[in-house]
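Consider the two complexes below, in which chain A is the common component and chain B and chain C are the respective partners.
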Partner chain A sequence: MISDWWIIVNSALTAACCGILGSFIILRRMSMLVDAISHAVLPGIVIAYLFTESLQSIWLLIGAGLSGFATVWLIESIAKRYNLHEDASIGSIYTSMFALGIILISSLAFRVDLDQECVLYGEVSHTLFDVLVINGKVAGPKAFYLLLGIFIINLAFVLLNYKQLKVMSFDGVFASTIGISTSILHYTLMGLVSFTTVASFEMVGSILVIAYFTALPAIAYLFSYSLSAMLRLCILTGILCAVSGYFIALWWGVSVSGATVLSMGICLLVAIFVSPKKGLLKPWLYAKSK
Partner chain B sequence: MELLPSTWYILISALFLSVSSSVLGSILFHKKQALIGDVITHAVLPGVCIAFLVFREKNIFWFLVGGSSTAMLATYIVQYLHRKKVLSEDILLASTLSIFFGIGVLFLSYIQQLPWGNQSGIDRFIFGQASTLSLLDAQVIAIISVAILTLFILGFRAVKIWVFDIQFAGTLNFPFKIVEALFIVFLCLLVMTGLQSVGIVLMSAMFVLPPSIAHFWKRSFTGGIIVAGLVSFVASAFGIMLSLLVPHIPTGPAIVVSLFGVLIVSLLLGKYNSLYSKLKAKKRHQDKIDEEHVLKSLYKLMESIKTETVDIFALHKATRMSFSRIEKICKKLEKRKLIKFSNNKIQLTPAGKAASKRIVRLHRLWELYLSEYLQLPEDHLHESAEDIEHYITPEVEAHLLTIMNFPKKDPHQKDIP
Partner chain C sequence: MIQQVEKAILEVHDLSVRYNNKTALWNIDFTLPSGVLAGVIGPNGAGKSTLIKAIMGLVPVHSGYVKLFGESLSKVKQRVAYVPQKEEVNWDFPITVQEVVEMGRFPYLGLLKKLTPQDKAIVSSAMERVGIAPLAKRQVSELSGGQQQRVFLARAIAQDADIYFMDEPFTGIDIATEHAIVALLKEMKEQGKTIIVVHHDLYSAYEYFDWVVLLNGYLVASAPTEQAFTPDLLQKTYGGKLTTLTKIAHIIKQSL
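Up next, the complex of A and B:
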């Protein structure tokens, strides 16, 4: 069926969008910042939604982007200026922003159609109902075009700033001494993370998207020795997990996003055991071949 | 407003929950593992679903067992893999929490399409609604909280060592592994019981926010816990009342937003590390510098015109400070009995003379030091000495005097008093 194709394509595209940004995030050890952003975009989304009443408008992206920026800035400035440990600062800010979002949803949005379940879990198949129609012809779900746009932006960002991002990920101090504007890159990266989160939250929900951002690159990281290989592997694993997740979901009749994350979890578990770099079974698997 | 009996158990369970989550949260806070709480809160979901699938009923005890076991499994996985250095801690935390939650979502979607008919309400665990709390739930919360508090008080010394100096703890002949295991077990149990009133994501807020607030008010571990517990209870009570009075406001988020409000206030006005305390310290420092500046100028004026009284206009010319500022400082100095100040005329008391002499001595000593040891030209000396004279301690002064052999004249050929 045609809609099955769209589910797989959308799911794989989400994985690819998140994976290429996630690779830089896990290398910079900022995974928990993604956790924070993915929760904290909620108030931005709700406010934008109240004005536009649509889940696919550009205002949603802008609202989420702004609240993502605000979160990152708050977390970092509280950690730096007020001597609060970064963990505590992340935990305090994102839970508060999320709570604010939930209060907004339940106190204002009871008039409109946006519920907590949709935000937290997401469901790929919901995105298929809203289709883009060009000249009377159905040209596929809107979510696909949105994700495609985000994917192109993310890819362009990574390719254009590849060298700078690489230096910054492995040696941030060196990067700023040779004149790379690390803070601009950092905030652009975080902004793109917020956009991607919003674009994909309808499909995967605000918590599962963290797996797309961290578990997927972590699998690639455990099997690759260079950044470019890691990025390619990341996209490949993303597609693999999307396809296998779809079939698991079809087979058991469960949520597609949940099943995709389950297959990521299985891949990560396998990677943790058999990785040639740091795997738990490395002494047994690779020592004898020498 | 009349309080229903159920409001009383909600309030009492909120009290227990906030005190015990502050205790455990402060431990996490000081161990710099605040985000472990986050992993635990997300990882209970698959356990709850499995318990429901196995026993086919919504029974709080089976939920407790199921939820805490998956949460413990997740915590153990994170800690084990972190010890083995497979991946860095942040990746492990983020991936584990999202993967466990994903598996939970998978089970939940499976449960929702089962033909049993009693599955609605499992979601209550995710968003939390205190108004549905039953007497039984309140009793479970109370029992677990009392157990946590008793163990914490009995093992206070051990916990303190384990939290603040884990290396030292390793050298002691005490089963700290048991302390750690108990801590994780109780953390998971508490999360499970608290979830129904505040919800999944916001339960982690109960662990992180109160200790972060206490960070701005108390420096000691115990003091911090007391402040955290108190703040947490007041905010919880406020949040519960808010959600009972205003329709459409869920309890958990209302509690968290009130805690967030307290955090912002503490950030601005707290006793330590806050904006207010920083500004205060800065002002105190500026006052000290200005006072010393005035004293020094007084001494110099008296030295040059050889009088005992100086009027405020001469001081204004010498220091280039505004009259109101000079007056303020002079009043302060008068209170400390360093000067006599009346009718815009200023006289130094003996104590004031000694103090002002010291500043001038430090200034000139430093000028001499710079010109002798760093061979700076004469016109560069004054600026540096102007800054450093406020920071030289008696020890440094004694050292400067010895290395320069108790000098009498500074580089500008003025007496060193």
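Up next, the complex of A and C:
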């Protein structure tokens, strides 16, 4: 029963980690870039894994961070330099990076205990077997501590740079004219997205993680009238979806990450109908009572 | 007709800007006196927006340099305000009018500092001045084009700079708002501010601005409006475009 608790906690923590960064991503209309990063970190992970032979080492994060950076930089400089539309650049660069990762995995398969399925789909329950042991006592799954660390880093980044992030996401040009170093902020944000993606890899895999970065903030967006409300609502929705996802998975006997993302989808569907901003049922639900 | 001034607030020296291997601005060289309401005028693709973006350091400069108050931009950032085209902004952002205007005070705040009561007073008086005080708590997504422009103007006023650059502030707004904004700009000028506006409408330019910079990839003129609005210079600016030329003739007749 303790393990059930850990699944929900880890899943909610993943949602919170991704959601607070994702809010800025969707407001800056860069969801495609997250899609790209979540796949493009693969070669970094594989190479780091080859050297360390461990899936938990800090080098994995560093490897992923580096390939994430490289991808974002490549995408942006190719788009800018050759006047290519950014989505074309994104589509071609990240798939190449991902392909490189797959080739590395498949060519070194005899040495590597890392398979494509784990990368693509992840599975929350697998993370429970790898526990942190302190002085002979089991202190919970390692994944929990990793996610907690990432959550603290992400939260600190957002809180420390809140004003700057807000200005940059609303009006990037104005932000740079008042002396905010938008490119440093942008690359830090993308670096954190890379770290977060890797930390949540085992939990949700590289495809479903996109929902954590985009669907959660999208739901929150439909109900919020301020950035801070959106961030809080994001975390709240994340917890809600983690809990409901867990129980759906339990009842149907299906993948926890799949069920969690499915409940995000359902939440978004509901939000589309009942949102006070542009909801389809808005005229009936929020009829002027003044 | 390039009239250089002494004690210039803005000096642009030999500025060239290239985009994707195409030159957008050729050796622009002019100076502006302080306390003018200046218009940057020229046809589409003349590099009007590029010019003020280059001055603000928003696009890479190929050669030449810019000085504001006799210094480089980085030293006088707080005294310079830039108002982007309103299309460049995400108006669906969950933010209120007041929060946007408050951004004008951010250059004065430390990393984790909050707005002081004095900042708040400046913000509300700025909203008062442009007539958006009643909209303070409104979401920006609910505003009309004219109201959006007023919000931008309020934010610029809250910045309390000495020189303002505005990129096409009159596109997509109604004529009443345009006139209200022009009146406000003239009022700011009376208070000693220098304002440079990118503007595409030749008709109104003559009455709005007391200084014009005529641009067509290269600099055609930079002078007080009466001196720059000559048939020769306007023809040079707009090239041999027949329809424009007839319009220009009309404008010149009016101005004579």
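Everything below uses one rule, namely that the second predicted complex is superposed on the first by the 283 of 290 C-alpha atoms of A that agree within 3 Å, B and C clash if a C-alpha of one lies under 4 Å from a C-alpha of the other, contacts with A are read in each partner's own complex, and residues count from 1 in each chain.
Simple rule for what comes next: a residue touches a chain if its C-beta (ideal position, glycine included) is under 8 Å from a C-beta of that chain, and two chains touch if they have at least 3 such contacts.
Note that the structure is predicted; figures quoted are calculated from it, not measured.
**Q** Once the shared chain is lined up, is A:211 touching chain B (first), chain C (second), both, or neither of them?
**A** In the superposition, A:211 touches chain B alone.
**Q** Identify the partner contact of A:83: answer first if only chain B is touched, second if only chain C is, both if each is, neither if none is.
**A** In the superposed model, A:83 contacts both chain B and chain C.
**Q** Based on the superposed arrangement, let me know which partner A:203 touches: chain B (first), chain C (second), both, or neither?
**A** neither
**Q** Applying the document's definition of touch, where does A:96 land relative to chain B and chain C: first, second, both, or neither?
**A** A:96: touches chain B, not chain C.
**Q** When the two structures are overlaid on chain A, which partner does A:29 contact: first (chain B), second (chain C), both, or neither?
**A** The answer is both, since A:29 touches chain B and chain C.
**Q** Answer with first, second, both or neither: which of chain B and chain C does A:12 touch in the superposed model?
**A** Touch partners of A:12: none, neither chain B nor chain C.
**Q** In the overlay, work out which of chain B or chain C sits against more residues of chain A.
**A** B
**Q** Check whether A:257 is in contact with chain B, with chain C, with both or with neither, and answer first, second, both or neither.
**A** The first partner, chain B, only.
**Q** Tell me which partner A:229 touches in the superposition: chain B (first), chain C (second), both or neither.
**A** A:229 sits against chain C, while chain B stays out of touch.
**Q** Which of the two partners, first being chain B and second being chain C, lies in contact with A:61: first, second, both, or neither?
**A** In the superposition, A:61 contacts neither chain B nor chain C.
**Q** Please identify the positions on chain A that touch both chain B and chain C, taking each partner from its own complex.
**A** Overlap of chain B and chain C footprints on chain A: residues 29, 83, 221.
**Q** Contact residues on chain B for chain A in the complex?
**A** Counting only chain B, the residues touching chain A are 29, 32-35, 37-38, 42, 81, 84-88, 90-91, 93-95, 97-99, 101-110, 113, 123, 126-127, 201-202, 204-205, 207-209, 211-212, 215-216, 246, 248-250, 252-257, 259-260, 263, 267, 273-275.
**Q** Using the touch rule from the top, collect the residues of chain A that touch chain B in their complex.
**A** Going by the criterion above, the answer is residues 26, 29-32, 34-35, 39, 78, 82-85, 87-92, 95-96, 98-100, 102-103, 106-107, 110, 116-117, 120-121, 205, 207-211, 213-215, 218, 221-222, 252-255, 257-262, 264-265, 268, 272, 275, 278-280.
**Q** So in the complex, the part of chain C that touches chain A is made up of which residues?
**A** Touching chain A: residues 20, 56-58, 77, 80-82, 84, 88-90, 93-96, 99-100, 103, 106-107, 109, 111-112, 139, 141, 155, 159 of chain C.
**Q** So in the complex, which bits of chain A are touching chain C?
**A** Per the touch definition, chain A meets chain C at residues 27-29, 83, 160, 163, 166-167, 169-174, 176-179, 221, 224-227, 229-230, 277.
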